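Okay, got some structures for you below.
Next, two complexes with chain A in common: one pairs it with chain B, the other with chain C.
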Partner chain A sequence: MSEIVLKSLAHTYSANPQSAEDYAIRHMEHVWHQGGAYALLGPSGCGKSTLLNIISGLLAPTEGDVMFDGHRVNELPPEERNIAQVFQFPVIYDTMTVYDNLAFPLRNMNTPEYRVKPKVLEVADILDLTPLLSRKAKNLTADEKQKVSMGRGLVRDDVTAILFDEPLTVIDPQLKWKLRRKLKEIHERFNITMIYVTHDQLEASTFADKIAVMYEGQVVQFGTPRELFETPAHTFVGYFIGSPGMNFFALNYAQGTAYFGEQPLPLSDRYLRTLGRIESNNVKLGIRPEFIEVCTSAESDTLAVQKENLQDLGTYAILTFSLNQQTFKARLPEDHPPLGETVYIRFPDDKLSLYVDEYRVEVDHE
Partner chain B sequence: MSLHLQNIAHTVGGIPYISDVDLALEPGSFNVLLGRTLAGKTTLMRLMAGLEPPTKGRILMDGKDVTGVSVRNRNVSMVYQQFINYPSLTVYDNIASPLKLAKHAPREIDKRVGEIAEMLHIEHLLDRYPQELSGGQQQRTAMGRALVKDADVILFDEPLVNLDYKLREELRDELRDLFKVRNCIAVYATTEPNEALALGGNTAILHEGKLLQYGPTDQIYREPNGIQSAEMFSEPPINIIPGRLTENDITFDNETHFACDNALRRLPPGDYRFGVRASHLSLTPRAPDDLELSVTVDVAEISGSETFLHVRHPHFPLVLHLSGIHELKVDEPIKIYFPTHKLFVFDEQGSTVHTPVLQTEGVAHV
Partner chain C sequence: MNKVHNNRAWLLVLPMLILVAFSAIVPLMTVVNYSVQDVLGANARFFTGTEWFKTMLNDPGLQAAFLRQIVFSLTILAIQVPLGIGIALIMPKRGWQASAVLILITLPLLIPWNVVGSIWQIFTRGDIGLMGWGLRQLGVDYNITRNGTDAWLTIILMDVWHWTPLVAMLCYSGLRSIPEAYYQAARIDRASKWAVFRYIQLPKLTNVLVIAVLLRFMHSFMIYAEPFVLTGGGPGSSTTFLSQSLATMAIGQQDLGPSAAFSIIYFLVILLVSWVFYTTIMHMQKDRNPQGGA
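Take a look at the complex of A and B:
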């Protein structure tokens, strides 16, 4: 059992930190509940590797505490934390058989053979490694090797959390499907806290029930894949999640009308009411490419825009258009009607998000 | 400049890496080499570059036989997966190096390096050293070096594979625009079907050292010449279901029969394999002739803005590619809708005998 709590955590690599920019982790409170399937998602340089190393014990945090089940473990070395790690590249003994690789962590703890065998067979069965047990590890394919790496974490009963560091990097795209499924199965079968670190939204959302999105040393949103998609809490989440990311545009409010540059926007009263109360100058609207409605002729509340590009991506198309000299992207279904040079777009009221100083704010209800 | 690989075969230590590839690339064309790892993409590029001569066949550039001509005497550039730059040279000198080698005038070098750096958005980094750059900036520098000389052929060997996906999105768009204005042959290797679609141009599908199909990317995607091309060029993979075609209906399981499309009536009755794209299946009916199927959820894989839903029918598994986030529970019984007019049909040898005609509908609302 393991609940991992990060209390007032901060970390800097600088000996003499001056400002927030000097911190790789900026003051963070976070709870990973026992048995959860989590992802830590963010671009390179966001601090996720630092955080992973703090959890695993490879790095001691500058400030704050790491608590496992209520016990402070800041000073405990990795081997005493009952955490298994699966890395980008499979870590296995090439000259040993698959069986001996899986048995290794148990034998290392002087587990008697009669207890090693059932555990190895159980884990091999789950990972579909049974037919390979007598094979030398060096003859395995990349995905098989990575499954052996995972298996080595799963055989130990004392392991309470598994940290995955981009474990599918070396796997062929066509095989990633199967391993992703396997990971979900494993999570459902074992009551283990799993934290999956990645820069890839697909890896993260597929694996995790809840995702912590990291940006500049902070978790800017901790939510379900649906929440990250539908209600990004921070403009970075809107940009980073989804392909292409969310469209953002700056908003001005004057005398009861909202403007995007010179362009008045047809917004409903509840938006205007909310805007009237905001004091910041940094106000933006965000809309996902999926939610922009594209029409071939003018309709109510549509804006006429110029088509810049239409990119056929097979299963769907991406329309690029410009409005007030800014580029927007809209996603169209594969069977969309032919578009002329001028298209008419609509931003449906319930699909817009309002951002003040980069964070999302709720708009008044009707 | 045109590049023609004439009946190329390449064997290393008795193992065939490339067999019987005949490929003619037109001047100014952008070409994607799509294939899984070990499909022969890198080998084929090395042969194009002249890094080694093929075991069999001829390579013609502009009709001239260059089969035995080494890389030094061919005007080619190459960008690799790894970010390869001279560590002791600044970004400026890295990009300038091919021009200095060719003894261009300093003023000319200055102008070209400036232009390329601006195009790649690294003009502010010219005085830095590679180790002071992020991965994306390092790869932009390597690309700058490849692009700065007027190479006849530029080869990209999975150049974006080691970058964050947001950066990949950006660089991919930039690359496409970059090549619109250049008149060299570009060859770009990737394992990812979606990258091929995003890049456009032409696509050559390589599988086990053989060229399966070559042509305009959208055409190859919509009209695969066989089951293997269809499978290689789809992620999630196209669903393949064995079934039987009679005079006027189709059955997959001898229980459910559905009327076949007029276009399929011209095929002789018999056993076929039917293909349906994951994106053509849906959770709500989209056409009057859609077939309703009762299935059980295997797993819902969620990307940032899309869902890949794996389901089980008593007789076959299916994958659906849905826009938006759909959280469905494992083993939940659901109904899905199967488009009977969007079937690909393959004969027993795996050759395509029918591809669906894409009909555009009146509404573009997503």
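Take a look at the complex of A and C:
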């Protein structure tokens, strides 16, 4: 059993780091619990793969500790950690058969053949590789190869965590969901921690119970897909999760009114009270396009905006509107009323998020 | 799609055909022409059929040279291929050291054949050559002009020195093309160094090794200048290889018919052996267990 704890972890590829920009991982704290299905989500270059390689031991962190069950494993090479890793491009041993590929990690540990065989057959059965066992691994398709490399992690009894580094990149779209379901199935069957690196939010949310969103070398939010959607803890999460991403309004607060540029925003008292206490100049109001209410006529708490574009996407429509020379988006149901050049929008009080210095702050209750 | 059928398009192939004809077909046919005739003078020639071929195949001197040639080629392959792989494995992978080693290793490849022969001729001299003199000082009775074994060993050593870098460079490029993930996966699978070599590096090197083996075989089978300068084929005829026998016959004795027949046999042997090498190695990569569905 293992719980993976990262303590004030930092990593840099530069020999002589000058500023925070030189770090691929910037002093992060994180706990991966035993048996969880996790996703590590973030844009390219945010440090996801670096973090993964540090956990598996392929990289030694510059600063901080990696703890497995309370033991520091910083110096342990990957072969001494109970971890398997599946890479972006399937790694298979070309000259070996599928059977020998799966048996390879066991044979490397000098497991007697009578114990190798049942284990390999079991894993082949789970991964639907049984008919291919006698084939040369070289001649398999990409998804079969990826299953073989996954299987090499599963045959080892000592593996407590499998790390996936964008494993479905080279897989055909129609096979992706199949493999993802297989992963889920394996996760439910074995008590294995799985950490799945991806830049695809759909992939992350279908696979993982909890998602860690990485941005500029740090985990900015760790939560369920629903939490990431409803209460993004960081403006980046709001922007990155959801399609289209969250709308942000930079706020100025003066004499009991919140302004977006010159435009006063109809906000409830609890928001105004909270704003009154904030000293930072970097304050943003965030709302998801899904939560903006669009009306055809002015009401007491609505805001008149200019319609820029209305895009019908079949089951829903995306309205692009402008306010103060900036454009924002709202998502409308399929049966929305016809809209004129000026539309009226309303922000539902409980769907708003307030961001100070890019991080979400709790707003006073009534 | 509307395809226009116009046979005049074949004319476009003509320039290439003429070029190939002059560069390969015509010279080759001249040789074939000579090989079936006995040319005595400008206007005196007789058709001999396969007679020259029979004579050549039954010539004891040529048979011995052929045997020598085979032994030589196999010996240098057996040394240069493993040695080349070994060197490639221990070469630095990046940084200025990698460039420095690459340049150092490539140097012998830049030296012309004749010069290589001369270098080693001087190197092995008992009076002024470093190796010859050194070995004598150590009490070894080393003399490539009198002792056939010494001559043989020296020629092999010279060829290894001259050509192993080629194998090493080919293997080095092959090793560099292996993605890092393979080594990482092998570490996670707890593979030993030997297992990494056997199951990752060697399989990925197969293609460059095919090229290396073929090049080295063809090259060594045609070796001429280096042993000619170093030993002149001697002592006796102990280091006389096929190409030297051919040169003696064609240029020294002006026996055009026999040497033409011999050239063709020589060419066919190289073609045959190269083909056997190639098919064998390619066959080794095939799936031995194709059953189990597609």
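Convention: the second predicted complex is superposed on the first by the 354 of 366 C-alpha atoms of A that agree within 3 Å, B and C clash if a C-alpha of one lies under 4 Å from a C-alpha of the other, contacts with A are read in each partner's own complex, and residues count from 1 in each chain.
In the analysis below, contacts are C-beta pairs under 8 Å (C-beta built on N, C-alpha and C of every residue); 3 or more make two chains touch, one makes a residue touch a chain.
These figures come from a predicted structure and were not determined experimentally.
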| item | value |
| --- | --- |
| Which superposed partner A:F249 touches (first chain B, second chain C, both, neither) | neither |
| Partner chain(s) touched by A:R135 [first = chain B, second = chain C, both, neither] | second |
| Broader residue contact with chain A after superposition on the shared chain, chain B or chain C | B |
| Touching partner for A:F190 - first (chain B), second (chain C), both, neither | neither |
| First, second, both or neither for A:Q85, with chain B first and chain C second | second |
| Which superposed partner A:Y259 touches (first chain B, second chain C, both, neither) | neither |
| Complex contact set, residues of chain A against chain C | 53, 56, 58, 77-79, 83-85, 87-89, 91, 93-97, 104-105, 108-109, 131-136, 138-139, 149, 152-153 |
| Chain C residues within the chain A interface of the complex | 179, 181-182, 184-185, 187-192, 195, 199-200, 203-204, 285, 287-293 |
| Chain A partner contacts - residues on chain B that touch it in the complex | 36-37, 134-135, 164-167, 169, 191-194, 197-198, 200, 218, 221-222, 234-237, 277-279, 298-299, 301-305, 308, 310, 321, 323-325, 327, 330, 358-366 |
| Contacting residues of chain A [partner chain B, same complex] | 43-45, 172-174, 177, 180-181, 184, 188, 199-202, 205-206, 224-226, 228-230, 239-245, 288, 290-296, 311-316, 330-339 |
